[in-house]
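Each of the two complexes below includes chain A, the first together with chain B, the second together with chain C.
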Partner chain A sequence: MNTVTDQSSATAVRPSTAARVGIGGPVGSGKTALLEQLIPRFAARGTNLAVITNDIATREDAERVRRSGLIAPERVLAVETGACPHSAIREDPTLNMESADALDRKFSGLELILIESGGDNLASSFSLDLVDYWLFVIDVAGGDDIPRKRGLGVLSCDLLVINKTDLAPYVRVDLPRMVREANEVRRGKSVLLTNCATGEGVDAIVETIAREVLFDR
Partner chain B sequence: MLRLTRVLGHATDPLIAESLHQLEHGGGVERIRLSRADTARKRLHAFTDRGTEVGIMLDRTEALANGAVLWLDDARAIVVALDEPQWLGLAPRDAAAALELGYFCGNMHWKVRFAGEYLHVSLEGPRDDYLVRLAHLVKSGAIRVIGDE
Partner chain C sequence: MSDLAQTLALLQFGDSFFPSGATSFSWGLETLRADGLVVRASDVEALIEGQIRHRWASFDRPALIASYRAAGDLDRIADVDREIDAATLAREARDGGRRIGSALLKVHAGMGTPGAADYRERVQRGDACGQMTAVHGLIGHATGLDETAVCALSAYGLAVGTIGAALRVGLLGHVEGQAILARMRAVVDEAVASPLPAVDACHAYTPMAEIAMMRHETGSGRMFAS
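Here is the complex of A and B:
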């Protein structure tokens, strides 16, 4: 039986701040597309949500999400990293932490903040000072050798997402081998497959995030 | 699932220590084993050493630490126990090798500590993964693995 019990019925309070989940990965792997698939699903399950996007010198991803109509525009903040995207999510995540704090202050009852990194490389990773849980998105069109190259992001993320699975036959990628090698290098840590163009596989990501950091059911 | 939303105190706090002592006799103390990296998280899904499923959800101002008490009642306590990292000891051959090793470890974003002529790398994953990355330095004789601690 899966029941939820509070810490102490007399004194327990829910945290006043939301869970923070990072979405990182190489340029073009589908981070923003995944975000656009996650937002309506979390909205449908009643999760009080906000979003932070990171870009190097523009606010393009934030504008794309705001224009999508999936979420109130004021719930989307943009961080311009100005330099290496991983600096703003790992070495000095101050800008992102301040943005997340601002969202927490502005939206009472906020439960989840999704923080999308700027496109980076296989060695990017999130500081756990910034996020509670993080996803790393790669795609089959980047090559089926990516997992076995053992990049820091692939190895150390909480959940590895292999996106664009529908493209495998067109880019001569052996998807079963790619998945097998991803599981081998990650030694049991989660790996999920998606096609963010259609939303296939995204429900499993929502369920995973809910199970790992929301604890609301 | 048990939701744990606050750090109630520390295992060494006198009143809590007395309660833990009493509960320990009856087998009522459960421990959540966490790596040092995981203690930075404010949200965490975990199981105690007795199989209790817990959802840790702390405010941003609170912090997990070794000995943090997250549940305490007449029958049970839940305490954080830190799994201390293991360290891989490396001995560079000379100053040039030391520079190369230091640069390499920094480039890999590894956590290290200095011990005189040796460098210790915090093992946050399987030891073999680190040795694979260091293989070129070992093979060239630039560094020597001096063991773990």
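Here is the complex of A and C:
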């Protein structure tokens, strides 16, 4: 028998040089809005960037990013997930990986690929074969109990983003308590606050990704 | 390869847990459902049976076996690969076959399956299409499966992929899906026993599914890539 060897070839799995950063989180938490705020900031830093979106039922997110004028449309790919958004980033991320490889081949010098998951639940997480680093975006309107529910995404992401901070008084959310509980359950891993409608707080996310993923290249 | 080792390999490669990207494809089902042409479990069963009898048996199977019998000769596999690609009319079927083939090659290259990394390089250079069926033949031979097992994997993948898509869009329940899958064994058995056309004479006639895939290209609902 010609056996499948266990000699795992890192180069076969990841031939690329661009860092891959996942953005996950529940539906409506602001993942696409965050993308739209991140793209011009990375562009301003001179980061060679591309984007993959995993829309649930349409190509709406991909089209929204393509039409934003913030990035060349050919640098935005949409990957359909067959109604299984978390499979596409965890159990079977092969099509996302193939799309990322294709972007690497097409754009020489690519430094960063942002991979936006389809909206999912608190148990979603990214395969470490797919991404080097991942963000999980929740929002205050989802309720201030989200962090203390200890969802897998909230606990295991590299950076937890709490978005729509401006809405806290209107949805009766105790934001300081939400942040305190997020920090407690994450045991010191990063938590940042944003209002992606205005861009407030997004610079800190860019700085974090630049420092922890791009190594300020 | 012992019977047990082959069974274990089949369980691994046939499992929907094995990453191949197949979850993203409905092969026309999403559009057929939206158009009201597939509305109940019996419709799904008829669709799968039609695909096995009128496409898989006379189109995929000869190409699969030719790729398998090429015994790792990548030039011969690439020839079969081109035949499949050229003879697949619907763009989403052609592109889908390439995407799944590439995904499988990447996974198997990472696992160290002989020939997978080399063939993947050809695909990336544009010297081979990387169609799923050609890749199945390559991988099946490289991992020591026998020809019948490779056919079983390919046909099972078609059936389980369609049933999985049907389940997720609410066309059938999980028990109905398993019952259909069980009934498909006899259909696959007959298909495998049918005369084997040469690769250059392979043929398929599944117009409803092909038209659905063509219509899917511009459809508004896109949970699936086909």
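Operating definition for what follows: the second predicted complex is superposed on the first by the 199 of 217 C-alpha atoms of A that agree within 3 Å, B and C clash if a C-alpha of one lies under 4 Å from a C-alpha of the other, contacts with A are read in each partner's own complex, and residues count from 1 in each chain.
Convention: a contact is a pair of C-beta atoms (placed from the backbone, for glycine too) under 8 Å apart; a residue touches a chain by one contact, two chains touch by 3 or more.
All values reported here derive from a predicted model rather than from experimental measurement.
Engineer: Report for A:212: first if it touches chain B alone, second if chain C alone, otherwise both or neither.
Structural biologist: first
Engineer: Please work out whether A:83 is in contact with chain B alone, chain C alone, both, or neither, and reply first, second, both or neither.
Structural biologist: Only chain C is touched by A:83; chain B is not.
Engineer: For A:133, using the defined touch cut-off, is the partner it touches chain B, chain C, both, or neither? Pick first, second, both or neither.
Structural biologist: A:133 contacts chain B only, not chain C.
Engineer: For A:95, decide between first (touching chain B), second (touching chain C), both and neither.
Structural biologist: A:95: touches chain C, not chain B.
Engineer: If we overlay the two complexes on their shared chain A, which of chain B and chain C does A:58 touch? Say first, second, both or neither.
Structural biologist: second
Engineer: Quick one: is A:105 in contact with chain B, with chain C, with both, or with neither? Answer first, second, both or neither.
Structural biologist: second
Engineer: Once the two structures are superposed, pull the chain A residues common to the chain B and chain C interfaces.
Structural biologist: Overlap of chain B and chain C footprints on chain A: residues 2-8, 12-13, 101, 129.
Engineer: Of all residues in chain A, which touch chain C in the complex?
Structural biologist: 1-9, 12-13, 55-59, 79-84, 87-88, 91-95, 97-98, 101, 105, 129
Engineer: Applying the document's contact rule, which stretches of chain A touch chain B when the two form their complex?
Structural biologist: Chain A reaches chain B through residues 2-8, 11-17, 19-20, 90, 101, 104, 123, 125, 127-129, 132-133, 150, 152, 155-156, 187, 211-213, 215.
Engineer: For the complex, give me every residue of chain C touching chain A.
Structural biologist: It is residues 1, 5, 17, 19-26, 99, 102-104, 106-114, 116-117, 120, 124, 141-144, 164-165, 168-169, 220-225 of chain C that touch chain A.
Engineer: For chain B, which residues are in contact with chain A within the complex?
Structural biologist: It is residues 1-6, 37-38, 40-45, 53, 55, 57-60, 70-71, 73, 108-109, 124-126, 129, 132 of chain B that touch chain A.
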